[in-house]
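These are the structures, in C-alpha cells.
Shared chain: subunit A. Partners: subunit B in the first complex, subunit C in the second.
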Partner chain A sequence: MTDLITTINLAAVYGLIGVGISLTWGGLGFLNLAHGVTFAASLYGAWWAQENISDHASVIFLGGIVVGAFAGAVVWLSVFLPLDGKKNWDMRSIIASLGLAIIGVNTFLLVFGPQRKAIEYLFGTSKFKIGGSTITADKSGAIISASVVMLLVVLALVKSRIGLGVRALTQNPEGAALVGIGRRQAAFAILTVSGILAGFAAVLLSQIFYPEPNIGYLPLLKGLIVALLGGLGSIPGAVVAALLVGATEAVTAHYLDQSWILLTQFALIAVVLLVRPRGVAGILEVTRA
Partner chain B sequence: MRNSLLSVRSALDTAFYGGGLALALVLFFFVYDNEVFGGHWVLFCLYASINLMWMLVIGTAGLYSFATIAVVGACAYVGALVSGGSIAGKELESARSLNIVFMILIAAGFGALLGAIVAAPTIRLRGIYFALFTIGLAEVGRAIVKQHEVLGKNSGLFGGARFLKADQIATETGRTIHFFVGLALLVFCLLVYRAVDGGRLGLLLRTVRESESVARGLGVDVVRARFAVFLISSAVLGLIGGFYSGFYGGVSLTIFDFNTLLLLLAMIVVGGLGSAKGAIIGTALLLFIDRTFSDIDTPAWRLVWIGIIMYGITLGTTRGLVGIPSQVRDYLKRRRASRETGGGAPAAPETSGP
Partner chain C sequence: MTTVLEVRGLSAGYGPLRVLHEIDLAVGEGERVGLVGLNGHGKTTLLRSIMGLVDWRQGEVELDGASILKTPTHRLARAGVVMIPQGDALFPGLSVQDNLDSGAFATGWRERKKRRDRVLELFPRLAERLDQAAGTLSGGERRMCSVGRGLMSNARIYLIDEPSLGLAPGVAAGLYATLRELDLEGGSLVLAEQNQTLLEGWIGRVARIHGGRIVSIETAEASPGGEAAADRERRAGT
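Entry: the complex of A and B
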C-alpha cells in the first residue's frame, strides 16, 4: 500500500513535468532543455515568497507558479521567437535552450550560492492510516492537487479556444497554419503553461528537491523519460508513462536501492521503446518524426 | 567554376591544417615550460579528439547520440582496471598487469562493443527518441561505478598504466611526451574523421541523413552504414578513453559529469556541426574560456560565459563559426540580387527550407 501511494505521488508530480515537455514538443517541435531551470527557478521563487512575503502554503505555491510562468515566457521570448521558422530550427532550439539552461543554473549559483534552502511543509505534517499503511498529508496533498491541475490542463485543452489551437498544432502544424491559428500565441500559451506545471511540480517536490542551482537536472531527466515513454506530444501517453516511471522508482527503491533507480528506468525505456519506438502512445509519428 | 571552388576550398583546408600544425609546434615551447599549460594541451587534445568522433555520428550520420562521454568514461575505467588501477592508487606499480599499449587496445575493443550496443536501438529509434535514449547513459555509467567497489566507487580508480614513469611526472620530459602523444592522438582522430567523412561510408551516411527512403531506394544498407559509423567512432572513443587513463594514471567519476557533456556539445555547436574544422575551432575557443575563468574566484562565471556564447552563436549563425563565411556570402548574394532587380527581389532573411 505504501509503495502504491509513493508510486501515485511520484507519477502525479513527474506527470506534470512530462506533460509540459510533451506539449512543447508536440505543439512546437521544440525540445525545451531549459525546463529543468524553470523547475529550479520556481523553487527559488517559492522560497523567496516564503522568506519575503508569507510562509502560508498559498503564497509559496503562488511564488513557484508565477516564477514558473515567467520562466516559460522567457524561453518563449529568447528561444522561440528568434528561432522559429529559421534553418535547423529543431537542433538550434535545443542548443539555444541548453545555453539558456547553463546561463540560468550558473546565475543562480552566483546569486544564491551553492547552499540548499528550505521550504515549509505545504500540507502540514499530519498523518493518517489506510489499510494499515501510514500516509502523510504531504503525499496525499501532492497527489490530489497534481491530479486536479492535470485535469484542469486537459479541460483547458479540450474546452478553450487556445487549447483547440494547441491541439491543432499538435496534430497537423501545416493545417493549423492554413486555418489561421497563430503559432506565436499558441507557443506563448504552451510555454507559460509548461512553466506553470513545472512550477507547481517544483513546489510539490520541495521536500525532496530543495532549492539549489543544479536541482533542475534530475526532474528534467525524469520529465524527459516520462515524455519519451509516453510518446512525445501525447498527454494520455504521458500520464501512463508517469505511472510506469513512478512504479519503477517506488519498487526499485523498496527492493533494491535508490542508486539503482536510473538504471531500472533506462532499462524500462529500452524495453518500451524497442517494442513501441514512439512510446506508449506515439501518435505524432507522421507530423513530428 | 565548380572545380575552381573546390580547389579554393582544398587550399583553405591545407592552410588551416598546416597553420594549425605550425601553431601546435609553437605551443610546444609553452607546454615545455609550464605544467599548467601542459595540462591544458592534454585536455585540448582529448576534447578535440572526442569531438571529432562525435561529429561523425551527429554531423555526418545525423544521429543525435549523446553516448559519447559514457563510452569514453566506461573505456577509461576498463583501461584503468585491466592495467591494475585500484582505489586511490593504493596498489600503485605492483599490481600493474598490462602495459599501456595493450591497455589502450582493450579500451578500444570495449569501445567497439559499446558502439554496437548503442547502435542497436537505431534500427528502431529515430531522431529525438534516440537522443533521449542516449542522453542518460552517462548517468547510468556513474550509477554502475558508484555501486562497485572494484571500480573505486566515489574515489576513482588510479594507479593503472600511464604514459609517464613516476620520475617523469611534472618534468620537462614528461610534458614533452604528453605533448607529442596528445598531438598524435589528435592527428589520428583527424585522419579517421577524414577517412570516414570523405570516404564511401560518409557519402552513404549523408544520403541516409538527408532521406532514409531515398537511400533505401538507391540500395543503401542503412542499418549496416549506421552500425559501421557507431563501431568506428566508438572504437576510437574507447581508444581516447584508454589515452585518458594513460594521461592521468586512472579515472574518476567526474568523467561522467553532465557538465562535461554540455561543454563538449557547446564546442561542436559553436565550432559548427558537420565540420572537422568546427570541432577543433570550437574546442579551442571554449576550452580557452573554460580554463581562463576556472582560475578566477567565481568559476560559475566560466559557465555563464560559455552559455552566453553558445546561445549567441546558435541565434546568430546557422552552422556555427565555420559557417559564417558561407552565411556572409549568401547575404551578399541576396543583396546583389536585390540591387539588380531594383530592390524588388526579397532580401530574404534566414528561413527554413531547402
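Entry: the complex of A and C
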C-alpha cells in the first residue's frame, strides 16, 4: 500500500515534467535540456517567495509557477527564436539548451551559493492511515493537486484553439502551417506551459529536492525517461509512462535499493522501446503520426 | 475582374534542381482556374511555391497587389490563401472533427460549428466518422476530410492539388461532383489536375503546364464558372 501511494505520488510529479518535455520534443522537434534548470529556477523562485513575501503555501506555489513560466519564456527567447528554421535545428537546439542549462546552474551558484535551502511543508505535517499504512498530508496533497493540474492541461489541449494547434503540430508540421498555425506562437505556449508544469512539480517535490544549483538534473532525466517511454508528443502515453516509471522507482527502492532505481528505469525503457519503438503511445494509439 | 493572386516570372526548385521556369499566371476574384499537365511537370511545385514550401524561388508572387514572397506559410493561410495539398497533410492521430476544426484555426474559429455543419452537408460520410482518428479513414474519406478542412476556412483563394490522385474512378467522380457544385463564397480556385476531362464544363480557364513552363492558357467556352464570373462583372459594371 505504501508502495502504491509512493508510486502514484512520483508518477504524478514526473508526469508533469515529462508532459512538458514530451510536448516540446514532439511538437517542436526540440529536446530541451534546459528543462532541469527551469525546475531548479522554480525551486529558487518558490524559496524566494517564501523568504521575502510570505510562507503561505499559495505564495510558495505561485513563486514556483511564475518563475517556471518565466524560465520557459527565456528558453523560447534564447534558444527557439534564434535557431528555429535554421539548418540542423534539432542538433543545434540541443546544444543551445545545454549551454543555457550550464549558464543557469552557474548563475544559481553565483547568486545563491552552493548551500541547500529549505521550503516549508506545503500541505501541513499531519498524517492519516488507510488500510494500515500511514500517508502524509504532503504526499496526498501532491497527488491530488498534480492530478488536477494534469487534468487542466489535458482539458486545455483538447478544448482550446491553441491546444488544437499544439496537437496538430505534433502530428504534421506542414499541415499545421497550411491551416495557419504559427510555430512561434505554439512554441511560446508549449514552452511557458512546460515551465509552469515544471514549476508546479518542483514545488511539489520540494521536500525531496531542495533548492540547490545542480538539483535540476535528476528531474530532467526522469522527465526524459517519461517522454521517451510514453512516445514523443503523446499526453496519454506520458501519463501511463509516468505511472510505469513511478512504479519502477517505488518497487526498486522497496525490494532492491535506492541506488538501483536509474538502472531498472533504463532497463524498462530499453525493453519497451525494443518491443514498441513509439513507446506506450504505440500501444495506445490507433494510428501512427 | 480584380486580380487576387498574381504570379510573375516565377522560377522555383529544390536544391540544385530547377522545376519551374518563369511562370506567369493571374487569378481573378471568384475565378476558377485549372492547372493541367502530366505528372512531374510542375503542377504541385507551382502550388507549393505559392505557399512558400519549396527550397528556393525567383520572381514575384502577389496577393492583392502586395508581394507575398517572404510571407511565411502560416501567415498566408491567415491571409486567406489555403492549399489543399496532394497526400492530404491531415493530422492522422486527431479525430476527424479536430482535423476539420483545425481548418478554422486561422479564420473563423468562432463560427467553426456553422462551417463544420456545412462541410458535413457536403460530405455526409464524414459526419458518421467525426470521432474517428483521421488516420483510420479510407483514401476517399481522407481526401474528403482534407478538402473539408480547406473549406472550413473562409479563404480568398483555394489551391487544390490533384484531389483525384490515387482514388478509384468512381470515388474521384463523386468528389468532383461535390467540388463542381461547391459555393466558394466569392473565393477563387486553382485546381491542379492531370485528367482534364474532370474540369470540363465548370472551370473557367485552363492553364497547361509542361516541363515547368506554362505553354497555353485557354478560356473554356460557355463554362458555368466563366459565365458566373462574366455575370458578376456585368453586374459590377452597371
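Some notes on this structure:
The rule is short, and it goes like this: the second predicted complex is superposed on the first by the 281 of 289 C-alpha atoms of A that agree within 3 Å, B and C clash if a C-alpha of one lies under 4 Å from a C-alpha of the other, contacts with A are read in each partner's own complex, and residues count from 1 in each chain.
Quick note on the criterion: contacts are C-beta pairs under 8 Å (C-beta built on N, C-alpha and C of every residue); 3 or more make two chains touch, one makes a residue touch a chain.
Computed from a predicted structure; not experimentally measured.
In the superposition on chain A, A:I181 contacts subunit C only, with no contact to subunit B. Using the contact criterion defined above for the overlaid structures, shared-chain residue A:N88 touches subunit B, although it does not reach subunit C.
Contacts of A:K222 after superposition: neither subunit B nor subunit C is touched. Of the two partner chains placed around the shared chain by superposition, subunit C is the only one that A:A168 touches, whereas subunit B remains out of contact. When the two complexes are overlaid on their common chain A, residue A:W25 makes contact with subunit B while staying clear of subunit C. Greater residue coverage of subunit A by touch, when subunit B is weighed against subunit C, goes to B.
Residues 289 of subunit A touch subunit B in one complex and subunit C in the other. Those residues of subunit C lying in contact with subunit A across their complex are 51, 53, 72-75, 77-78, 82-83, 85, 88-94, 98, 101-103, 105-107, 109, 133-136, 149, 153.
Across the complex, subunit B is touched by residues 25, 31, 78, 82-83, 85-92, 95-96, 98-107, 109-110, 217, 221, 224-225, 228, 232, 257, 259-260, 262-263, 266, 269-270, 273-274, 277-279, 289 of subunit A. For subunit A in complex with subunit C, the residues that touch the partner chain are 161, 164-165, 167-168, 171-172, 174-183, 285-289. Residues 64, 121, 124-129, 131-133, 135-137, 139-140, 143-144, 146-147, 258, 262, 265-266, 269, 273, 298, 300-301, 303-304, 306-312, 314-315, 318-319, 350-353 of subunit B are the ones touching subunit A in the complex.
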